[in-house]
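Across the two complexes that follow, subunit A remains constant while its partner is subunit B and subsequently subunit C.
Coming up: the complex of A and B.
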């Protein structure tokens, strides 16, 4: 669907902006570096990217694109798996450099490149000669033509070599490459970029001092992936632009995978896309999940079956039950009336989203600054909580309000101001009243400040009075009075107002942050099949295999195979029987005993009375079946032949591992 | 001080040579006497060794170029295969004889090389002069084909030409000797520069705008700080150039004059100490250091490389790594005690664990099978963990990050074994 493409584009945009943010300073640095060559050091950037390795490919692609656009046409990306030795590294490097040269000045020297591809002497000397020829050509031969294409590059553009995964390179290769290139740094302006996933200490671990002293390393830290995720969630989920929404549980699954498993934004986005596909595939009414402008058209083109589908939605049924009887009949029988009603409901949902997002942000402003973060620090946690159930019924929300009632004035005022800004920036017109109300609160606070100064005078005077009195009894009495009065006074002024503000916020929350499940027709827009998603994304091969072997009915759907209790059915496939028997054994399994048990199980059904006759003799066919099943198990990796004991096999798996 | 004297070469050249190679006069004169006159056959191969930056390459290069002896200079690290090395020698040979066009040569084996070498020498006017082939970082030769090193050692005999091979290396000849035996080269040792030598050499290249004495005083101070940790001439020169601007600062401002060494010393000393902690260890780069000097700011704001040692890991990866660490450093027999009875005596077991670890740490990590890792993981994670594909893929990604390492990669399927490759500090940081 085109929505998905939209989504991709948006994601790429955000990634690119993220990249340019993190690398803009880097680009400035490169210009400085080239001036500074006198010490024979290779300028090097150590780029710490975090452990989400899967995201790196995209980051590096973006980086090299940016570099190619702005600084130099000569960028080479090297990966550890391509470079087991220095020879391969040089080959790869030269291949990439020469081909990017072809990209820049399209077809002039194609023949030259073709020759070099075949049997090039992969050494630094040839690289340098190539570089010299290329740069010379750039600034002498066709200056006018080059101006337009590479005017942004300067006279001798540096050659940038990016090592994608520093950790996996072998030490020797890196050392040799650095030593070689440091010898030629004057002829070949080389800039290295190390992509580091763990910590920069790895440089010291990989390179001895004699080598690292040849480098001039500067460190750049990319944005942490958690922050990256929050921006993505912010851009994708917390906007009303995209009609498609994730249900609370689904979002929870995705975030859990992210936090518990891989920290990979890439995978998160993939999961999100999978949700979209799954939703549009499994929900027949997802045609209606579109932008507001299209709803009318699509609602009118609904067929009768689709209308029936709508009527079958549980949320719609709930809605119908609440209506009066005449309308109920109308809704259930008249298609066109239903269509109009649907359209109205969908528009309602859309409006609800708009309100929801802005109020959510407001609430987040309040909760994120409270001590201990009862509702979570990040907006995504708050979002999940709100989607899941009625947020105002939870204990956390209660404690939040309690804490909010204890906020001091400056914090409260700044928060209110932030809320006003958020509401102002949101598109909805309905917030005018809310904004007015909040502004009213603000002015009241300001008034209060003026009053407070007066009040202070009063209290000072009363304190003076207090000093005058010397009688102990009187002193005590006045102190008590003072305390009393102070409490009541505060309650009347500032605290009252604070209660009012908190109550107002509470009312807003109750009004707008209704969980989506309560909305009519939420099934169209929300994707809620968390179990399906988990099955897709968090695959458990071991468990699946165990289920298949232990309970063949699950996959084969054969009633005869359904077994109850822990017994071993003889109708199951041979491999299942063998597997179940092997579960009962220890680390080493005696093949003869195993065969014995197997034949007992198989024979039990076939000829229950014949086993007395041939108890010690095992049928050849059964023997063959057993051997086949065992070798199948070996293929699946459950057992392996053992050399410790003859006629024994070793068991390889235990329970969950 | 022995002056260089040799009948074959003009005295002016020798004098220039002497000024160019300070503190290496005795070695140069030995070399000259071995080389003899231009047309005389010399020793077939010479092996020169000495510690890093003791001037081997520099001395040889200056000697050969100043006296205009025909020579070929090759770095064995750069030409990493024998083919590249041999071809490069032939190429340089063509160009040093003055031939304009250098045609690409193909030379795969030493046999070809000898043939082509003969041709190359015969075609040029080199017959009456000794040709020198200098192989820098010759220790790389040991990793090439077995016949390369012995072949070079007796190249004179093989080609029957007037040629001398000079090998430069940082390690001693005994480590080179192949087990099949070979021609023994003439070995020569370049000793380390003493502090006096370093002082003399560093003071030699003073910037033109200030007097030699002034610079010498600066070098004196610099060596006083750095000589304890670093004797590498290159590194010292680098540091000298970096910090000189700071040293000159009071003079430029007019606060002190050039003779006022005490004042200057007070000014520069803390600065140099700081440099020792940062620039020398490459914690911050030299360009950052220079910028810092210009701004006059504190280096505290610039965090070094090791300051960023914290690593963010996903939730389960952390536990996997901790489990791997426990599996690596605890013996198998204690597993039952630590992980089975989980309720109750946790404090006590923890204490015992620590006690035992101290001895195991000296032995280094031990390999453990995958099952054990997972079993420990299940027992240290509070809630239930499903053995999903994600968990398994995390183990491999930890291996690629070099936090774990795989031991014995013979068979992936039957029970891969791992080792934990991180330190206790790292685990402590993660476990927090």
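Coming up: the complex of A and C.
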């Protein structure tokens, strides 16, 4: 668990640093702009941030930090939920600005602190009528600000007010605030920043012309969340930095939640976090999921039980079956031998992964430029495809190869160069690259480049000659030569093609193997329980209720409950019977009929041991059970009491669910 | 693509079913009412006793199911500490499960149990119990927002403070409002407050928008228990149980027996008139002037004032309701359903 928390922290840190980096240029721009503004109207920056509201908190925090650092202004962050009325808004604003003051001036005299405290108390006391108090507050605030700022800066710094979620503010509050502050713009230099989730149109919809004419709006666009996702996947999944990896299905689930539900990077990270927690909690061998340096130590400290666990892993069993019999026995009985073997295998996995990532990037360079993107445009799609099954067996891969064969032009060379670059950087970074083959490829590629450039030289020179010499004989001769050279060039193109094919087959078949299939002990590193993840993140409470009510057998393992063909046995729990009967009704349900139907069903179930003497009592009990079941259905939201007709309830669902 | 087609067909069916269910305003159900059918209505107490005597079916299987859920407790603890909050869904009351979680794991730590199904619970009371009992703060706050801010500040300052909050039925009537959910979400987003809640309503997830969901940071757990909702439904005023809030026959009779003969006559007159008009859905009630006229004719009152005094008395006992119509005339109505009224009249006849 310690490791896991470490990992968690590591992960979050890297994520935060990445996010702040990605926003930095955007932030820089805004900052610069705030510095430059001159104030006649209220300068306003509209940040179009996209619908993933949950991710914006970080952006805004970063923005206000940057603004504060660059000596510019006092910054206040306002959220719609804190400002139901203009009074609250002003109070909040005041409070934040004052505390900003205190923060910034913390080294200065206590005078400022006292003043601010006074002011706050005063604002508390003066709740007589809101407009008066607001004007008073603003008025009284203004000189203090002036004084404060003029003592510190030669230029009065603007006061920035950030509206985090423009859409959820009430229009009246927003309008009033803008009108009020526009009155005081000369004494109090305000800058507004709106965070907009939808589109800039919303400004004009929320604010009438008279108000929006008081603003001088400039628009800023932030990165789309899809780009964020791909960078995050790049940073988190396609590195060898983290020993923990996601299986194909799990990744698919996470990406689907992102793309089809919420576009929220934060949720994606949460899902990833959950994967880590689940993995380290449920898999006893996850101790071994660590950096290469620690493997040895941990492998040796394994207990006997843990060794048994290793032996029980399906991938390990497959591995054992492939070995010769002497080694098999050793593996299955000798713990220390097993430990050594495990260590080797885990190192293999690490090496495999490093190779995998760099080759994946190469392949991505190839496939992402093909028309129609048979293997996907983004590297994450390629990653998923490779993780799920053998790529080279899929149709898409086949068509990729075909396309690549046809696409064989000079842009292919640039692609190859790109690949070389990737491989160069990766092989340069990772010293423990065991396969020397990369170098081989590199030289081959370089040859190719050299050849190509030579050819280009030749052709250029020949063309120059062509231009120079104008007599017919020479012309004919050079043209013939050119033709020949072209034929030979065709051959080199062919060569390139072959190259490629060799590349593909060679690399893919060797390194691109599916983790789940081919790697021994992959269970330690890969997390594959997609169903668990989906259940926890993207639950369907309605489906659960539906199955529980329709087939209680699913949960309560009792022979009596089993029944076939959509019906329900009369021995089911009361609520299931009542539910089933209610499904047969239309929009309104007569309680009396319902009760009778229920008692018929239940009586039939209890027929054998029912005695006529106490039928009255039995009646009462059935009645009571019915009442309980109905009120449970009401609690669950399937029905509600209706006033349309006496003793009727209305159904709130329709059809069979 | 076959599966896709089937799915599409299913969707189309669903849509059709919806419109079918809501197409005609005509309701095809029988006109039988409980009033005619039943000998007596059960009240809360007898219902409770009867249910106690009825054995719970499949007790063994349910126990198995619960044990399965209980094995997750330590996992929940871990996940709560890692910043997730846990929400339980599924059929059956999750009250006992949460209670067990509390007794087995939270005995030594500060925890707060909120019974969401309790009809008079408010967010204010939740916040108060946090500030007063957990934080030992005596004092009032102007608004819940301030209170939340105070709590947040305290929890941020003092990292040793930890609080487990267990909410039964987060989706109950009182807590499902937007503002209360917002406040609870804000609370739950604090790293040292661990929230574990249960929901039951099928539309419960509609309460949360994206912002709240991210504050809550839920981990969903399906815990279908099949336990009866004993506590939860005890507050649910069912149609079939005698309701204490509205007027019942017994109380009607009781009150009227303590009145004078003339007063009883006046009420009778009104009741009869209302029953005559019961088939007219737009019947606004009897206007005061007409009623006065009728009472005079029956020699029940002798002046406007006496009738008014009498009506005030009725109103105090919630026997009648006055409503001002569109034309400004006062209309009188008895807020009791027709069958009770019929029964009442029959009984009166017997007595006389």
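Rule of thumb we're sticking to: the second predicted complex is superposed on the first by the 436 of 657 C-alpha atoms of A that agree within 3 Å, B and C clash if a C-alpha of one lies under 4 Å from a C-alpha of the other, contacts with A are read in each partner's own complex, and residues count from 1 in each chain.
Convention: a residue touches a chain if its C-beta (ideal position, glycine included) is under 8 Å from a C-beta of that chain, and two chains touch if they have at least 3 such contacts.
Everything quoted here is computed from the prediction, not taken from an experiment.
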| item | value |
| --- | --- |
| Touched partner set for A:257, first subunit B, second subunit C, both or neither | first |
| First, second, both or neither for A:532, with subunit B first and subunit C second | neither |
| Touching partner for A:87 - first (subunit B), second (subunit C), both, neither | first |
| First (subunit B), second (subunit C), both or neither touched by A:351 | neither |
| Touching partner for A:273 - first (subunit B), second (subunit C), both, neither | second |
| Which superposed partner A:202 touches (first subunit B, second subunit C, both, neither) | first |
| First (subunit B), second (subunit C), both or neither touched by A:589 | second |
| Partner chain in contact with A:545 - subunit B first, subunit C second, else both or neither | second |
| Touching partner for A:180 - first (subunit B), second (subunit C), both, neither | first |
| Where subunit A meets both subunit C and subunit B, residue numbers | 53, 165, 262, 538-539, 541-542, 637, 653-654, 656-657 |
| Residue numbers on subunit A that touch subunit C, as the complex places them | 1, 5, 8, 52-54, 81-82, 88, 165, 262, 264, 266-267, 270, 273-274, 277, 281, 535-539, 541-542, 544-545, 548-549, 552, 555-558, 561, 571, 573-575, 585-593, 595, 620-621, 623-628, 630-632, 634-638, 641, 644-649, 651, 653-657 |
| Contact set on subunit A toward subunit B in their complex | 32-33, 36, 38-39, 41, 43-44, 46, 48, 50-51, 53, 86-87, 121-125, 165, 167-168, 176, 179-180, 183, 197-204, 209-210, 212-213, 215-219, 221, 224-226, 257-263, 538-543, 637, 640, 652-654, 656-657 |
| Sites on subunit B touched by subunit A in the complex | 52, 75, 77-81, 84, 87-88, 104, 232, 234-235, 238, 241, 282, 285-288, 290, 303, 305-306, 308-317, 370-371, 374-375, 378, 385-391, 393-394, 397, 400-403, 413-415 |
| Residues on subunit C engaged by subunit A in the complex (per definition of touch) | 13-14, 17-18, 20-22, 27-35, 37, 42, 46-47, 50-51, 53-54, 57-58, 61-62, 64-65, 75, 78-79, 82, 84, 89-92, 145, 182, 199-205, 210-211, 213-214, 217, 219-222, 224, 226, 228-229, 232-233, 236, 238-241, 337-339 |
